[in-house]
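Look for subunit A in each of the two complexes below; its partner is subunit B in the first and subunit C in the second.
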Partner chain A sequence: MKLITHNMLTSKCLKGVVTGYPLSINATNINITEVDYNPEFITRIIPKLDWEVLWRAADSIGHSDGLPQTIEPKFEENNEFLKKAHRVLLEVDIEEGNLVCPESGRRFPISKGIPNMLLTEAEVQ
Partner chain B sequence: MEKLKQINRKCKRFSARLKTSKGVLCVETPSTNIVLCNVGQATGFLKEDANNLLQELPTVDLLKYIAAKGESHSFLVFADVESSRLFHEAHNGKAKAMNGTVIYMNYVEGVPSDEILCTVNPPKGLKIIPDFITIEEEKEFITLFDWIDESNLKNRQVKHYGYEFRYGSNDVDLNAPLDKEIPPQCDILWDRLRAQGIAINVPDQLTVNKYLPGQGIPSHVDRHSPFGDTILSLSLGSDVVMDWKHHSNKYVPIVVPARSMLVMQEEARYDWQHAIQPRTWDPIVQIRKHERVITGDTRPRDTRISLTFRKTREGPCECCYNILCDRFKKDGELDNVLASHLEELHVHQVYEQIAGHFSTTRHKRWPRVDEFLQSIPSGAVLLDLGAGNGKNILNRNDILQIAGERSAGLLLECSAHTRAISGSDCVRLDLLHSPLRDECADVIICVAVIHHFCSEARRKQSILTIARLLRPGGVALITVWAKDQTKSNYLDTNKENRDTDLVTTIGGVNLPIHENRTQFQHSDLLVPWKLRQIRDKKLTNTSDTFLRYYHVFEDGELDDLCKPELKIENSFYEEGNWCVVCKKL
Partner chain C sequence: MEISESHICPSELLDAVSDPNKSFKVEVETFCKHFTMKQKVEKIENFSYLPLGGAVNLNKPDVTFSYIEFYGVDPNNVPQQPCDLFFGKWIADGQRDLIKVHTLKKREFIGNTSMDAQLSIIMANQAQIAPGDVVLDPFVGSGSLLVSAAHFGGYIWGADIDFMMLHARTRPTRVGQKVRNKEESIRGNLRQYGIGSQYLDVLVSDFSLPLWRQDIKFDALITDPPYGVREPAEKIGIERDNYTLSAQHLDNHIPSKVEYGLPHIYSDLLNFAAQHLSIGRRLVCWYPLVRDEYLEEQLPSHPCMQLVGNSEQVLSKMTARRLLTYQKISDDIPNMPHDPHGAAHNFRDKYFAVGEISRREKKERRAEEIAKTASYLKAKREECNKE
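Now for the complex of A and B:
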């Protein structure tokens, strides 16, 4: 699971949970996988993300190094920043661990890089 | 001499071919095992044909004939090397199969195992009491029932006593008892059962089934509500293997001998389905060290008569086994709980079972889907809901592609396929309880998914999810299977519709089984998936055919389902599917 995906996941479907966002991360195995760098894509995707959530998520697993906590105004012109963002968004891959609902504490296991967000019938709204 | 050389050359060629394409190692020195290089199950060669070759060879002792499914070679195992040597000498390059093919053979070291191990325990609450009646009593029971003018079901004859069992609704009409009561000769059975410690109420309904060899009964559970907690079945005339299947996909074959009494209570009564395969033979099942082994050997079936005794009851069932229970069924529309159970059984579990094979058959994107995906602008967030093996994830690094899928098996295929694609990721999710943020997507595709939801309410809920996840102005492409297949390549003109088999799946819901490659006769049905092989010789299910639930869509039905939450931009039919491109306003 990449951090860009984490940015969009919520446990709001759980019974009694109001926002379920952001999920906290317990990572036991993190892979760094180099993938194509496309600065235009990063530039366009950043406004669609919750940057603060991204930064905190990266920080919580020890990968916030050099990443600004807030986005600077003309970030699209800062190639160094875009490269860092690219790495954190797309290259840091959580292979094994858990996602944890901030309200209920329900854990969602991540195995072989895939978070399992399935709920039982009794758990849903 | 020249002839012999020719045969040897042929055998060598077969030997090389078997080694490279099948991994079968032929040897020069005689052993107890022989491979028949060019006859087998695929060429129509049978065990009887092998036995026929022994006629002129009285001293030859053949132990086993092993023919794997779909193979055009087969194996013989002899008791000793002398036997196999005699057989080889007498027939190699000389004997002919029924179709005239000259049979060539080689010695082999080992033969493949034709045994299947079954580690599943029999259902709790299932008792089989052997020799429950004597041979004399069995004869008397058989003569109780004449079979003139009896109603014929598709695959067996039946008679009813006490109340008529109604096959449409799988119950009885308590207001219409039959004149024929259960024959008094049956009364000896009740005390015998009690003497075995089995507490029963005296049954008031009897169904007598007569199965000729080759006939069987589809997988079913006796409906919960109309009948009590004990169902009894007395077997006459022939042993049979009954297949038991739990909804968690456990499977166990159980031998039901003639003259035995089968008692179904607890899980066996309420939580397992049972079936008899329509075959003229049964596999020989052995118990070895508490493990059940389905041997490659078979025995022929005889005519079997079974007496199924039930006690009728009124009101909704009160069992504690939910999955197969019919008390959730409301008139017409399926209750949400029942629909989700049906999906678990006939969608989710099936995809887990067939994931590997299914994936190998799904490579190509449909042209209009591909066109739609290619046109997505750079920087977009795309959700592929029900992504399957990820065949619709494009090799683009300028969009974010999240593949959401419920099947763990398919997701592993998907993840292997998309790993190298820069902006792609996989999430295991349920479309109806999607763990994604509201309005996070610019584009959603949902290809061949919504037809797997078993109720209108759930299909609508899936559309509401798509609308919730799309940002205003975002677009979705949704496709479902169409009931009308006349304009697709799906139909096989050589195939006619047969009588449809009905399967009582769960909760007393009867679903027809679709005949593949024919026009759809129903809107809600089960579509068979034939698995290519049993993996690792370990049996996980009754057979290699799995039934997937589909709701096939009428013209305009998908458009109606999408409105008013989504605005239809384009609606079209492609290769047997209804497709819409729609926009969130």
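Now for the complex of A and C:
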């Protein structure tokens, strides 16, 4: 699971959970997979992100090196920055671990890079 | 009307494209009817009357002329003579070859209901997917729709309730294949076509429950929800009250599922699209129905989503599915109740009810045929005996 995906996910599906965002990450195995650099895409996706959540998530798994905590106004002209954002968003890939609901502590396992966000039948009753 | 030379060879048209100093070739293409190379050459020879001055060059011509014979679109009913003829200067190739490149025959990872390459490409085009778009398929299955979405430059997310499918641990679909290859996955499919960089992620999740951040907007949604016939239409749930699960069983627990009726799937889908599409962007999905019950006004609807495309693919004598394209026209989202027309639409029940009738019909028809043959043979035998 990439951090771009983590930035979009909530645990609102759980009963009684109000925002369920951001989920915290427990990673036991992280891969770095090479992804073609596409500055247009990164520029386009950054306004859709919650940057603070991204930075904290990257920091919590030890991949925030050189990543600024806030976005500068003309970030699209800063190629160095876009490359760093590209790496954190698309190349850091959590292979095994858990996503944890911030309100209830419910864990969602990530196996072979695929998060399992399913509830049990008891939880949807 | 008298046919003069200029009717056969309108020089003002020909002069514009032919030049005695430029080499040329003529290509013959036929649609819905096959010709051998020899027959095609004969067709080319028929053009010898044209006053094309340049030299013929089959490998690297300066100008290519294209001659197309169109024999309709029904492969079971091909006419003797072509319905239409086209002749002109070739300008650019279309992308029909992509159908062969993306064919499921060579796809690494496929499932029982993987979408045919041609239809996936049509869906991606209907959704107007352009480079850098963010695309989601909420019923992703083996990801066949996302392959074509990524081909046109989309960055793709997929979600599905089927854990085994996303982990490629379902039984292999291909004839003769006993076990699934380790490399099989949606990501693997994209890598196969050299577009692995556009894979974002796939998630195991239940579409009937919220998952995505409220404010995220996608550029396109393309999906083929389960109709409940070849794939079950399900969500997590249990009929029993007060169900509990002990902690020791919690890990690796596979939850039980209840029916997720088609009307609910489509009203959830339209509500999701109204919430999560950018204005002007599109939802493209299939909708199954019994053909003689089709009424356009009973298709799933939503005040924020305008139906801009609706075409039928016939599945059997009685059933069809429609490729629906909706465009988001408003951000003013009312709190929508479930679609009032939807409640009556249970495709699965109707599909099997229709099947019952046709199965009985088929049996009766066969019995009749057997009886007819028997009486015919009997008559023949009697004739022979007389002689």
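By our rule, the second predicted complex is superposed on the first by the 123 of 125 C-alpha atoms of A that agree within 3 Å, B and C clash if a C-alpha of one lies under 4 Å from a C-alpha of the other, contacts with A are read in each partner's own complex, and residues count from 1 in each chain.
As a working rule, a residue touches a chain if its C-beta (ideal position, glycine included) is under 8 Å from a C-beta of that chain, and two chains touch if they have at least 3 such contacts.
Treat the numbers as computed from the prediction; the structure is a model and nothing was measured.
**Q** Subunit B versus subunit C on the shared subunit A, clash or fit?
**A** Subunit B and subunit C clash in the superposed model.
**Q** Touching A:C13 in the superposition: subunit B (first), subunit C (second), both, neither?
**A** So A:C13 meets both subunit B and subunit C here.
**Q** Report for A:T5: first if it touches subunit B alone, second if subunit C alone, otherwise both or neither.
**A** Once the two structures are laid over each other on A, A:T5 reaches both partners.
**Q** Contact-wise, after the overlay, does A:I32 reach subunit B, subunit C, both or neither (first, second, both, neither)?
**A** neither
**Q** When the two structures are overlaid on chain A, which partner does A:Y21 contact: first (subunit B), second (subunit C), both, or neither?
**A** both
**Q** Between subunit B (first) and subunit C (second), which does A:L118 come into contact with in this model arrangement: first, second, both, or neither?
**A** In the superposed model, A:L118 contacts both subunit B and subunit C.
**Q** When the complexes are fitted on the C-alpha atoms of A, one of 203-211, 221-229, 293-301 or 455-463 in subunit B overlaps subunit C. Which is it?
**A** Stretch 455-463 of subunit B has C-alpha atoms clashing with subunit C.
**Q** Identify the residues of subunit A that lie in both the subunit B contact region and the subunit C contact region.
**A** Residues common to the subunit A contacts of subunit C and of subunit B are 1-2, 4-5, 8-10, 12-13, 21, 35-36, 38, 40-41, 44-45, 48, 90, 112-119, 121, 124, listed in rising order.
**Q** Subunit C touches which residues of subunit A in the complex?
**A** 1-2, 4-5, 7-10, 12-13, 21, 35-36, 38, 40-41, 44-45, 48, 50, 90, 111-122, 124-125
**Q** Would you mind writing out the residues of subunit C in touch with subunit A in their complex?
**A** Against subunit A, subunit C makes touches at 131-132, 134, 155, 157, 161, 163, 166-167, 187, 196-197, 200-206, 209-214, 216-217, 236-238, 241-245, 250, 253, 255-256.
**Q** What part of subunit A is in contact with subunit B in the complex they form?
**A** Residues of subunit A touching subunit B: 1-2, 4-5, 8-13, 21, 33, 35-36, 38, 40-41, 43-45, 48, 90, 108, 112-119, 121, 124.
**Q** Taking the complex as given, what residues does subunit B use to touch subunit A?
**A** Subunit B residues touching subunit A: 337, 340, 378-379, 381, 397-400, 402, 406, 408, 411-412, 415, 419-423, 425-430, 433-437, 440.
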